[in-house]
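Shared between the two complexes below is chain A, which pairs with chain B and chain C, respectively.
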Partner chain A sequence: MELLLIPLLFALIVAIAPKNLSKWIGLLGSLVTFIAVIARLAAFVPTEKVDLLHTDVITSFKMTFNMGYDGMSLLMVILTAVVVPLILLTSLNRSEGQQRGFNAMVLLMEFGLIGVFTALDGLLFYVFWELTLIPIFLIALWYGAEDRKRVLIKFFIYTFVGSLAMLISLIALGNLAKDFSYESLLEVTLPIKTAFWVMGGFFLAFAIKIPLFPFHTWQPSTYTVAPSAGTMLLSALMLKMALYGMIRWMIPLAPEVLEDYKYIIITLGLIGIVYGAIIAIKQMDIKRLIAFSSISHVGLIAAGIVLFTEQSLSASYIQMVNHALVAVGLFLAAGILEDRLKTRDLSEMGGIAVLAPKFAFWFAVISFAAVSVPFTSGFIGEFLLLKGLFYEHWIIGTIAGTTLVFGAVYTLRAYQLSMFGSPRFESFEDLKWNEIIVFAVITLLVVLIGLFPQFITDLIEPSLDRIYNYIHSVTFQAA
Partner chain B sequence: MDALILLFFTGLVVMFTAMLKKPQLVLVTSTFGIAASLGLVVRQILGSTSLITWSYQGLEFDSNNLLYVALVLFLGLLIVTSGYEAFKREPEHTGEYISLIIFSMVGALCMIGFTDMFMFFIGLEILSIPIYVLAGTNKKDIRSTEASIKYFFTGAFATGILLFGIALIFGATGSFDLKSIHDTIIKSVSFGPLIYVGILFILASFLFKVGAAPFHFWSPDVYSGSPTMVTGYMAAVVKLAAMFAFMKMFNYVFVGAISFWSDLLFAVIILTMFVGNLSALGQTKFKRLLAYSSISNAAYALIAMMVASSSTMNNLWIYLAGYGLAVIVLVTIGQMVNDSEDNISSFKGIGRKYPLIGVALALAVLSLAGVPPLLGFMGKYMVFSSAFNEYPILVIIAIVNSGIGIYYYLRLLMVALSSNENDEVREIKPSALQYLVLAVCGVLLVFGGALDYVLNNLISY
Partner chain C sequence: MSIEQLVLLVLALPLLGALINGTIGKNLPKVVSGAIATGVMFIAFALSMVIFNSNGEQRIIHLFNILSYEDLKLSANLMVDSLSTWMLLIVTGVGSLIHLFSMGYMSHDKGYYKFFTYLNCFIFAMLILVLGSNYFMLFFGWEGVGICSYLLISFHYSDKEKGMLNGIAARKAFIMNRIGDLGLLIGLFLILIQFGSLEYNDVAQQILVNGIRPTEAMSFAITLFLFVGATGKSAQIPLFTWLPDAMAGPTPVSALIHAATMVTAGIFLVVRSNFLFELAPTTQDIMLYVGLATSLVAAFIALRQNDIKKVLAYSTVSQLGLLFVALGMGAYTAAMFHVTTHAFFKALLFLGSGSVIHAMSDEQDIRLMGGLKKFIPITHITFLIGTLAIAGFPLLSGFYSKDEILAHAAHHNIGIYLVLMVSVALTAIYMFRLYFLVFHGSFRGSDEAKSHLHESPLNMTLPLMVLAVLSVVGGLLNLPGIIFHSGAHWLSHYLELNTAGLNLIQPMHLESDQAMLLMGGAVVLSLGILLVSFVVYVKRSTTAKDDDQLSGWEMLSAKKLYFDEIYNFLFVKPTEWLSKQFHAIIEIGILNKSINGITLMLSHSGELIRKWQSGMVASYLLWMVLGIVGMVLYYLIKF
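Now for the complex of A and B:
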């Protein structure tokens, strides 16, 4: 329980603490959570499931209060606990970082995220899922760019409607089950037609959040108007909720129709890969560029998940972790550029490498991680995913493989346009200590995972295998 | 029953206290009286082993409706407490206004406890007539007078139709008593035209009372013209009593003819949802927004009635409790802002300047929009999931409408929470009582989800 209570408690403390202390208390809160998570990790045996909260209480509408984690949940919790302190660290010397509201909302967000990743009850999952929407909305509303209101209403309605579709699916499932706990929901066998709609509801919610190709229109503008920290939360953690949700909830709850959805989702993913990359190449706004590159990357991950082989699942997982880390790094770099130059337009930048060598170095390191050079985590993840897609069909593999080429083009182009050339500015303040720490931590993690991916695979594979075997036993019976 | 009598005497005492022209005294007497009757009801609910069923000449208070009685008293208490600030602006009339509210609550109690058509009609009139007066208490404002007149005429017309319906039902079944009407309808193999027309007329007048389309035209004008606290009373308490009577009448008395009226209600619900939500989208006036939101909420509540199951009563209770508390928060804040023009834009920035009010407003708005884990979500969820098996299409349309609804709720919230430095934020002077009401409502909205658990486990009938 402490995993959930610590961030919540600190969020409350921050909300009432003196204003000048709030950023330190916020950082402290996220670090304490991190320590608690590491303690949990130390005591964790990958083959086990651990209960955080287990009661026999069933409310009159069949909700139970079951929370717990296995390897795949724990990895996401660890990711949350690593990324949130980094985000708070980057915000230390920004204007929003000084605000009580900001620090409290980031911690509330952490509470919601950990809840999403550990909920083992359909309604509880839904509650936490929606809970994460409020803090991110408020962060963007209070500290975002000038023209944010229209964009944020669109963002909120888009994701809320998606969640309502998921709610319909949950209601349909729950009415057939004896309660909403994960096990009871798994036991339900649906008629094919119902299963189709149930998975459709989940898919809509997750596709909007990821976002997959035709549902992505909220994403670039929201990433652009949100403050850097908000963008990092959105891209590094919130969209992982949806990818996690696909593995944990969508596919196991309606496995009968996985085959029907498989190629739809793979196709959308492939379109997203190419479409996002091409737009990113033409993009002159650096935040939009990263946003579209994100669409391209998550398309690949989503395709890997629905491919549903043991290898593609764990590869997707590595890629999820990698994407979260790299996204934080890239948006940090973009935020630094925007803050100090007061523009996001790449055509107005140039020559910063001369003015700020430290920043140029770390931005280069992150860019290389983003294009997945060998020995970074991105390489392992993308390589295994592409291999899986090639085995499925060579056309799929080829189209997906373009991500490597395109990725190098847009990332290096962004780097070249901003860093090289003759300096357009008189001065550019180099990195501060906290920014260097964030870049260094990210680089360290990316390289570590790249060299020793078995850290992650050992942790998640037993739980992924469990789901994999379950799905195959179900579909085997059906066939 | 003793709660009803106590409440009535409180009304009388308050009316005479008013002659002393001491608003504080009125406040103390009225809140004490209402709280005491609430206490009596709660004691009756909790006294599980020796639950006394009060039954007397068409009135019956038992386990089925005591929770609703408690809710009426509680919401009424909140309205009186938070409305005191507004009512005391005219010290010579404070007592009259508050006693009118109390009398109207007496009517609400009759409308919850009735067991025959006669008592139902009397309850409806006792409930309504004080409201006709209260709607016009903002005497200097011509729109308030308009609201009063409009409400009175349309209300009287609806009452006429209701009486006609009751007469036809009496003609068909030969009884005013609910139970015997119920039995007659259940037993009859085929229905004569009298029953059909009678049910239709009663349905129409009920739809008028709860403000469902196509009988909703009065409500935006009346809601926006009336003084803010009276608007809140209409939305929270009057709707609650009317909904309960509606449920009793159709889910119990006319349940034998469900195949006839459920189709009608089905169409009405869909129409009401779209009318309410789509009209609310463009609203710039706060109380009109409240009116359209109340229309769409009536539609969601009516969904509960489509299903005749044992949990309907409980689901509707949770739903209406969430709605009532959220509305009371909104009208309390609307009262503080006290804008005679009633523009949403005058809420600008108050959430940032007064953080506590901002939190309460955010909770209320998000609860109305149905964001978990707030009470409003619980209510919506329970209503929708209970109806899903029988009417999946209806539930899906309702959920789509919740999606539409989020837009106007969010717009209100964004105005209130906006943080532009150069905005001019209104000076408001919240009183301690108003803060108290906001705090109570806020806490209940957050933890209200657990209410259901408490109700099911602590109270054993």
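Now for the complex of A and C:
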């Protein structure tokens, strides 16, 4: 339970502690959470399921209080516990980082995220899912760019509609089950028609959050107006809730219709890969550029998930971790540029490499990680995902493979336009210690995973196998 | 030390050099930083010689497992056989000379330590490429040299005039290579589907020993995609246009990319996979004709280039075309022979051009040179040797290696032989033009430039001399049987020793009088062109024309057959157009508008939300949801 309580407790402390201490308490809270998570990892055996909270209490509306984790949950919890301290580190010398509200909300977000990744009850999952919306919304609202109001209403309503659809699906399922616990929901066998709508509800919620084409229109503008920390939370962690949700909830709860949705989602994923990449090629706003590139990357992950082979699931996982790390790095770089130049327009940049060699170096490293070169986690992730898609059909694999080429085009373009050429500014403040730490940690993790991905696959394999075998037994019976 | 440890050490040395220079290089004196990078290369070369001398059987060195998941096994393994050992010698040998040269050439550059870091990294990636025991490792190195070449080509990114252009050239190289990489990746997937493994030995075993034959379509698909990968790295039509642009990098980089490393990767891939290509005659034919076309096109373009490095760059593309012709005919060892001699004389020519550019205070236009032989005598003599070698002058290395490919062509199809002879003749023409325009006649540059002319220091001329000697005697490696019977075809025998597949291919034997005839033809051709060039450029002192004086064909050559413009029109512009249209029409016009409409509608109707409240839902939940909505609205109103 400490995994949930620590961030919540620290969120409360930050809220009442003196303002000048809030950023340090916030950071401390995230680090303590990280240590707690690592302790959990050290004691974890991949084949097991561990309960965080298990009671026999069933509320009047059939909700139970089951929380726990297996390998695939734990990995997401670890990811959360790694990324949140990094985000707080990057904010140390930003204006929003000095605020109580900001630090409290980031920790509240961590609480919500860990809840989402460990909830084993449908309604509980939904509650945490919605809960994460509050802090991110407030962070963007309080500390976002000028024109945020209109953008945020759209973001809120959009994701909210998706959540409602998921709620309806959950309730429809729950009505047929003895309670809302994960196990009970799994036991429900749905008529095909009902299953179709149930999965549809989940799909809408997740497709908006990921976001999949054509449900993505809230994303570029929200990423742009949110402060860097908010964008990092959104892209590195929040969208992983949806990808995780697909594996944990959407597919197992209505496996009967996976085949029907599979090609729809793969098609949308493929469109997203190409569409996002092509738009990114000509964007001049660096944050929008990264936002569109993100649509391209997650399209590939979503396609890998619904492909639903054991390898493609693992590959999706590796790529989720990779995407989270790289997204933090890229948005950190974009944030640094925006902060110090007061513009996001690439056409106004140039020559920064000469002025800030450290920044140039680390930005280059992250850019190469973003184009998935060898020795990085993206390389392994993309290799395995593309392999899976290629095995499914060579055309699918080849279309998805264009990400290799397009990714290089827009990433290097952004890098060169901002860094190459002769300086166009008087000066540009080079990286501070906390920024270097963040870049270095990300690089270290990305390279370690790139060389030894086995660590991740060993951790998640048994839990993924369980889901995989379960789905196959169900679909086999149906056939 | 065992061979295994030696190989690991060879691999680790450049990495170590890169680490040292990458971390503390900034604080080291330039000489130390350069000496470290160059030192590790020479040690690596010495160790490679030891490995080479003790070559017995093929060895696999297991490093670690990257991923093992069900039937998929990806391991970091190294393979030492005669092919990889030979590549090891070329890469470390020519590589260390280029490092030594760079110490002098880059001595005025601020980013000295950075340059050597990248160079060492490049060598490391290349070593992984040639030493890996499976296609996955090859792919690692394959992309690795891509990154390093990007860094090196864009090395002068902050230059006031050319900084952005250098960056664009580097990006072009990276992207074109990426297109090839995608092809290679697909080839890898197909190999996995067909053979269930990416290990060279597993694939070779299944084909050569167990006699498993993939379907014709499958063999064709696998080899075709591998070849697509090779066209990227080894600069063949249609992916060759990056290589001449890659001249934006400092000259030693051009020597490294062009001579010893990157571009030979495609050749290496095909030779390594010879057992696959032998199953796919259609791909072999495609390879042959693509190589032939590339060889001709590039040689034609080289005729009227006025940038000393561009001439050499197109010459590389043309020579690579020749190599693919050889590979298409199944003449793998002949191709490796030419790769070797080409590494010698092309490194020599590039470093020589570097020495010229150094003397000319960074001027590369041959119209502004002339008469340099008396100012930079060592560079002149060595450059002349390189020119003669590449032109196939009798008894020099290029003569033998080219001749072997020509002999195969004559045996294969006389038409191909004749077309190749045209390409060989063009090579001699543009190389002698280059040589005479640079070193003979009178100096055409400014007086100021003239006053700066100077021979390069010893650390630059020494590599030239070594390479010049190698360019002369390199032919001894694989002498044709008609001259000496004992010791002939040494390199072929060596490579056939334990390289999978190569030992099974029947060596071709020409009737000796036929061989004499072919050789005689080549000799007459190269001597004739030398004589004509001498008359044209020295006796009549013809100089290079300016653009507005060019005739029709000369314009085509000078403008590179408009390949860049055509690609721009066919691929770049449409993609950019699409990017803008997607954004304007689909993104803003359709998706955003419709969603805005819906959200607007929803935000105005609480009715819809109330409908979900149908009793069975816990009111708690709805309250929470409404609470969130209320709070959001509160904040929005408050603002």
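Here is the rule we use: the second predicted complex is superposed on the first by the 479 of 479 C-alpha atoms of A that agree within 3 Å, B and C clash if a C-alpha of one lies under 4 Å from a C-alpha of the other, contacts with A are read in each partner's own complex, and residues count from 1 in each chain.
Keep this in mind: a residue touches a chain if its C-beta (ideal position, glycine included) is under 8 Å from a C-beta of that chain, and two chains touch if they have at least 3 such contacts.
None of the values given here were measured: they were computed from a predicted structure.
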Quiz item: Between chain B (first) and chain C (second), which does A:Ile278 come into contact with in this model arrangement: first, second, both, or neither?
Solution: second
Practice problem: Scan A:Ile134 for contacts with chain B and chain C and give back first, second, both or neither. | Solution: both
Quiz item: First (chain B), second (chain C), both or neither: which does A:Ile157 touch?
Solution: both
Quiz item: Looking at the overlay, what does A:Ala229 touch: chain B (first), chain C (second), both, or neither?
Solution: neither
Quiz item: Which of the two partners, first being chain B and second being chain C, lies in contact with A:Asn175: first, second, both, or neither?
Solution: both
Quiz item: Is A:Val57 in contact with chain B, with chain C, with both, or with neither (first, second, both, neither)?
Solution: first
Quiz prompt | Between chain B and chain C, more extensive residue contact with chain A | solution = C
Quiz prompt | Shared contact residues on chain A - chain B and chain C | solution = 59-61, 123, 126-127, 130, 133-134, 138, 141, 149, 152-153, 156-157, 160-161, 164, 167-168, 171, 175
Quiz item: Can you name the residues of chain A that touch chain C in the complex?
Solution: 59-61, 63, 123, 126-127, 130, 133-134, 137-138, 141, 149, 152-154, 156-158, 160-161, 164, 167-168, 171, 175, 214, 216-218, 275, 278-283, 310-311, 314, 350-351, 353-354, 368, 373-375, 379-380, 383-384, 386-387, 390-391, 394, 397-398, 401-402, 404-405, 408-409, 412-413, 416, 419-423, 451-454, 457, 461
Self-check item: Contacting residues of chain C [partner chain A, same complex]
Solution: 64-70, 72, 139-141, 143-144, 146-147, 150, 154, 157-160, 163-164, 166-168, 171, 174-175, 178-179, 181-182, 185-186, 189, 192-193, 575-576, 578-580, 582-583, 586-587, 591-592, 595-596, 599, 602-603, 609, 612, 616-618, 620-621, 624-625, 628-629, 631-632, 635-636, 639
Quiz item: Any idea which chain A residues touch chain B in the complex?
Solution: 57, 59-61, 123, 126-127, 130-131, 133-134, 138, 141-142, 149, 152-153, 156-157, 160-161, 164-165, 167-168, 171-172, 174-175
Self-check item: Touching residues on chain B, where the partner in the complex is chain A
Solution: 311, 314, 366, 371-373, 377-378, 381-382, 384-385, 388-389, 392, 395-396, 399-400, 402-403, 406-407, 410-411, 414, 417-419, 452-453, 456
